[in-house]
Amino acid sequence: MQGAFFNFSRKTIPVDWNLLITQLMNGLQLGLLLFLLASGLTLIFGIMDFINLSHGSFYMIGAYFCGTVVSVTGSLIAGIVVALICTFAIGAIVELVIARRLYRSDHLDHVLVTFGLILIFDTLVHMIWGAAGMAIPLPEILNGQLHIGTLVLPTYRLVIICSGLLVAAILFVLVTRTRLGMLIRAGASNRTMVEALGVNINKLFLIVFAIGATMSGFAGMLIAPITEASIGMGNEIIIIAFVVVIVGGIGSVKGAFFAALIIGLMDTIGRSYLDDLLKLSLSAEVAETAAPALSAMLVYILMAAVLAFRPQGLFPPAGSK
Amino acid sequence: MLELRGVETFYGSIQALFGMEMVLEAGKVTTLIGRNGMGKTTTVSSIMGIIPRERGEIYFNGKRIDGRPSYEVAQQGIGLVPEGRQIFPNLSVRENLLATAANYSNGNRESEGSWNFERVLEFLPALAGRLDNMGNQLSGGEQQMLAIGRALMLNPSLLILDEATEGLAPLIRQEIWARLEQLKQTGLTILLIDKNIDDLSRIADKHYIIEKGRVVWHGSSAEMAAEENLKSRYLGI
Amino acid sequence: MLPASNSGRVYAVLLILLGMAPFITSWIDQPFYLDLLSRALILAIAASSLNLILGYGGMVSLGHAAYLGIGAYCVGIPAYYDIYNGWIHLGLTIVVSASFAFLTGLIILRTKAVYFIMITLAFSQMVYFTFVSLEEYGGDDGLVIYLRSEFPSWLSMEGATALYYWIFGALVLTLLVIYRLVYSRFGRVIVGSKFNEERMQSLGFNTYRYRLTCYVISGVLCGIAGMLLGNFTSFISPEMMGWTRSGELIFMVVMGGASSFFGPLIGTSAFVFLEQYLPEIMKTINPSWHEYWHLPFGVLLVCLVLFGKGGIHGWLSRFDKDGDVK
Amino acid sequence: MTDSILKVTALNKSFGGIHATRDLHLEVTRGDIHAIIGPNGAGKTTLISQLSGQLKPSSGSIEFERKDITRLTTAKRARSGLARSFQITSVVMPLTLLENVMLAVQGTSGHSFRFWKPVKQDQQMVSAAMNSLTEVGLQDRADKIAAEVSHGEQRQLEVAMALAMKPRLLLLDEPMAGMGVEESQHMVDILKKLKEKCTILLIEHDMDAVFKLADQLSVLVDGHIIASNTVENIRANQEVQRAYLGEQHA
Amino acid sequence: QADSVKIGFVTTLTTPAAVIGEDMKDAVNLAIEHIGGKMGNLDVDLIMEDDGFKPDIGKQKTDKLVKQDDVDFVAGYIWSHVLLASMKSVLDSGKFLVSANAGPSKIAGKLCHQNFFSTSWQNDQTPMAMGEHLSKQGVKSLYVMAPNYAAGKDMVAGVEKTFTGEIVGKDFTKWGADAQLDFSAELAKAKSSGAEGIFVFYPGKAGGAFIKQYQQSGLQDVLPLYTVFTVDAIALPKLQGGNLAGVMGSKNTQFWSPDLDVAANKKFVGDFLAKHDRYPSFYAAQAYDSIMLINSAVEATGGNLEDKDAVRAAMKAANYDSIRGKYTYGNNHMPIQNFYLREVVEDDAGRWTTKIVDTVYTNHQDPYAADCAL
């Protein structure tokens, strides 16, 4: 199991390949989850120029709906299906009632309104489901582990990775191959023209917003069996999702995908190897306190660096200025 | 087929149209002529509902279309080739044509002569070889062709071209005129804006000259040719 | 310095009332109101400093709470080493917040709009995590500040009233500085750059330098608010500089009305008042609604944007034609 | 030899695939009104933006009063006597006309790191700004908000701001665009008067105005100057007629 | 003399941490019910405040309690930083402060105050008990995980103090508003470290999340779980809901357990269960005791709250029926009490709960008492 050695100046770290592969899978899983959140966010931001802080609320709502249905029916599939429909509907309502009126106003207004929405959603969830949070039981087969050679991976993590990749693939096909996708991209580059060519842009925006909400909700459903559904769970991750959007380039689904994977991997690898790396040059004491702080900062350092050198993000959508 | 009555349009507090009056007859080519900034594009935008008119009425096929959102206006059967072409730079040529293609039901015109992807390529062969190029990789002339093709994909009964040949080399310009004459043969109504008065008077039936947001003269090509000082008076020529 | 308009008169009266607040609160025997006011005024200084860049300069910072924290730690860390000299605290606050603003500003001011928001967030998060990891100074638990900054007796901060006058004085000074600044040559460049930076450059202004300077001034003013906050709460923890705090500062500015002198003061007062009394109100309606006070608060925020343009100040200045400078 | 105030040598600029300026040479004589005409998208605005520093050329050099300014920032060029107006009206909309012009005065009169004294109390600046407004005939509108005056007045304000910078070379990008007949005529008069104070590089589609004003005329097509000569010679030039003017202007 | 005793209770009622605050609130209400709404012959006037999980809001609410409501006692406080920010306001005004949870080392040591009392424990004690137990069991190597904040570090320091084996790996994970809840990377490291056991401290919802992932990684067979403040009455129902049986049989230490055989505890747990259909958490137990402690002082002084010295002496005596049984106060006013080893089991009604299996420490005093000048 102990494979090759990395040779640093004097000290060496043994590389445990099983561990490394496990960590890469973990990074992939986190990245895909971030992608589910960030792809909707980047579309809403890129096409409608709308900053939606409350995007994370759909993440929470998805998890709670799913949990409720699962606790009643006992079926995870039923929970996910019902919850997807519910988040789609709630996303559509938010667009119709609130977001729609604000597309043309200042970003500050967006921030203020959607922060208000976060408070409203959080409190409503508190009122309906209580403060305790909600566990979502997994079917027995998903609760176990998969053995591949000497590698042991939690089954459910693989499920998350597969669903994440699947949704990413569907989204990719949707955006690049379907008419809706063409319109979404066209709308991102020239909204007036799309409308002048007979497309009801309001409807298009409604659909995009609701799909974004649904994907966010789906991410919440996927993570909830691991971390459980809790109030404000979306607020914790939404800032990182925004970082993904900015690093990837606003409005770019491809950018969101790669940025999410980069950040997911970087975060996981940072958490698992940073202290060892720091110990090469610092005392164990210092490394132990510096590593967690530094790994928490990594995403922000990455974003600051990207903004300083490539202000439009890593993969800005084609044709944007 | 299209009628403007006393249309007044504002950009914020700046008035650009001061009571436009215009009538387009079905199957005819009508032009809108005037110097820079006189309100030609604004007239088009007002018809399309892109810049909502403040006062006045606009009728299309007898239906009132002012105050409607622009997608509804387009769905009534008006195809726009806008100033500056405005093709979607991040979509391929194929996608540019398909994205907004007749996604509305105008039952009666679905039949016989309706435009589809193949017919448009046949009509504009310049595009056929470049289907997978991105919009922003096309030359100006090709972009203009694409903009026309994109508008045709809506199956319009009225085609509006704003600055139809702006910035195009003479040869391409001739090509465009030829295509437009073909379209005229199919019975399409056309509203044309361009700076090449002589070419316009060749293919158009009727002309409107506008100055500072209102029509100052209108008449047929023959009448325009007859009036000696018309051009120098209104067009600075 | 006050515009001779109806809202101007309202604000003049407001300032005079604020100046007399310690007497009023002790007269009605409600010392807690003075605490509440002190906190509101400290936040008003911070919000005003944010307003200088956000309202007048068009630079939306989602990292301004970092300066509150820096200022407070500039009291807390010396105090940890038993250095209580107020001048040292003040000097340190100014030097540290100015240097931090300058160094990060060099990068931050290369960006615009949303990118500006995100990069300010990034830097403030870095500061946040740095202080979380500084175990020596309490890490996440924070630092207790045993004694207030020491100044000569006539300037002493001891006692609620004395501290209040420090805060009040700092607020008046901040407002005065911002007022003069905005109408000075420097301020005109900042305001002009907000609306049309390209044009300002072609008029001969190196806008980057002016904006950077403005950013530094704003950081220092907010740092001073932080120094007062440290003295007021006698405690500082990294939690006070998290990004949600920066977000709250933005709300205070926007709630009161951005780019108006008194907007931030109004906004912070409203914010602090709601934070304190909305739960009480909910509690009186139904004891078990205590924990749901975020709901009306959220609804209020949404309504404020959907229906109330220009914030609270905007409503007030509908009384007169000429409000404030843009 | 004539006294050339601006000399552009082998200038090139491309945006990704678009070659907007190609191997462009241009010389402007001090005291002239030098007009540049050419079709839309020929690269006129791009040229002006490179002269004033908003755009960095891909290659080539720009000399202003015999000094190489190719690498200077916009702000430095402005302070050394090069002012521009914008094709798309570019003023500070929420400020008054007077405040706008005062900014222009301020920009070229020393640094603005003065934090305390209100500009309105600076009599010298106020009167300098009023002078410029008077020159374009806007003196009565000084206290109006820029966003609330007519388009033509905004165009005049553009010119007033350029004037207030006391430039030695003024770059005007379609000052008459969107102006009515009388307003255009008025602008022609203003520019004629201005000619006594500074050299003007003028971009304009309004041929009447160009022919009335210009001493020298350059024709820009596809990023390249195809002809540069006196007005009469250009009008006679076959190539120019083909590329831009068409038969009518001959 | 006043005819009522005013008690301010500061806890967290909003944000996700509200789940703790609500448990405490329920316990406080139960305590007041048990004493019939009266302390001695004085009516109890209880004022609940929400600190919003923020130190400066906590301080503001405390200021209001002290200055405007003029309460006699301020109790509550879940979080160390909220307590540290608020304590000065209470103590400077000469009022009594009863911490129902937070017990940072500073307050036990250097910052101790004559008017400060705790009904909980000092942070180090519980993990010390766990370390002691592990050493006794002969566990040789341990992997340690905790959130990266002061209490997390205290917990790790505590177990390190008494654990004699080797600590083969240590992870501090991100905490705060955007706390890390996905521990996949750390669990993978722990597994490959070859340790004989894993010690964790994850309070609140992070605890449930940790346990799930522990089980999903299949670690229960290779890496036995030892916890402090992680597997509690808040986490267990949810773990049961998720059918995460991996937690069954895992060990943790605590000063108290719902099954502790003390009359007062039987009554508290029984009535709480009857009323809310769930076990009270240790937070609830401590909150209940804080009211009972105050009650004992009010009764002992005959309602004469003006006599601060008498009240203080009465509180110091801890002469009441605590849910943990009889305990005493050290010089720093932290309880000197027993610590038990508990195991996760299923009760007769099929609920998952904890059961005491051993007493690790009897009458244990925290290590910081020596730093306290009192």
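Each chain gets a letter, A, B, C, D and E, in the order it is written, and its residues are counted from 1.
Keep this in mind: contacts are C-beta pairs under 8 Å (C-beta built on N, C-alpha and C of every residue); 3 or more make two chains touch, one makes a residue touch a chain.
Note that the structure is predicted; figures quoted are calculated from it, not measured.
Peer 1: Just to be sure I understand the contacts, which chains border both subunit C and subunit B?
Peer 2: Common neighbours, subunit B/subunit C: A, D.
Peer 1: Taking each chain's centre as the mean of its C-alpha atoms, which one ends up farthest from the centre of subunit C?
Peer 2: Taking each chain's C-alpha mean as its centre, the farthest from subunit C is B.
Peer 1: Let me have the rounded angstrom distance from the C-alpha centre of subunit A over to the C-alpha centre of subunit C, please.
Peer 2: Once rounded, the distance between the two centres reads 32 Å.
Peer 1: Whole-Å distance, subunit B centre to subunit E centre, using C-alpha means?
Peer 2: It comes to 76 Å between the two C-alpha centres.
Peer 1: Can you check how far apart subunit A and subunit E are, centre to centre, with Cα atoms defining each centre and the answer in Å?
Peer 2: Roughly 34 Å separates the two chain centres.
Peer 1: How many angstrom lie between the CA centroids of subunit C and subunit D, rounded to a whole number?
Peer 2: 43
Peer 1: Which subunit E residues touch at least two other chains?
Peer 2: Answer for subunit E, listing residues that touch two or more other chains: 14, 18, 21-22, 148, 177.
Peer 1: What are the residues of subunit D that contact at least two other chains?
Peer 2: none
Peer 1: Do you know which subunit A residues sit against two or more other chains?
Peer 2: 126, 131, 239, 289, 292-293, 296
Peer 1: I'd like to see which chains touch which, written out pair by pair.
Peer 2: A-B, A-C, A-E, B-D, C-D, C-E
Peer 1: Could you please specify the touching residues of subunit B with respect to subunit D in the complex?
Peer 2: 11-14, 35-37, 136-137, 140, 166-167, 170, 196-198, 212, 231, 236-237
Peer 1: Using the touch rule from the top, collect the residues of subunit E that touch subunit C in their complex.
Peer 2: That would be residues 13-14, 18, 21-22, 48-50, 54-57, 59-60, 63-64, 66-68, 80-81, 84-85, 87-88, 104, 106, 111, 148-151, 153, 175-177 of subunit E.
Peer 1: Write out the stretch or stretches of subunit A touching subunit C in their complex.
Peer 2: Per the stated touch rule, the residues are 45, 51, 98, 101-102, 105, 107-109, 111-113, 115-120, 122-124, 126-127, 131, 239, 242-243, 246, 250, 289-290, 292-294, 296-297, 300-301, 303-304, 307-308, 311.
Peer 1: Applying the document's contact rule, which stretches of subunit E touch subunit A when the two form their complex?
Peer 2: 14-16, 18-19, 21-22, 148, 170-174, 177-182, 184-186, 188-189, 191-192, 205, 208-209, 212-213, 215-218, 234, 237-239, 241-244
Peer 1: Give the list of subunit D residues in touch with subunit B in this complex.
Peer 2: On the subunit D side, the touching residues are 17, 39-41, 147-148, 150-151, 177-181, 205-208, 242, 246-249.
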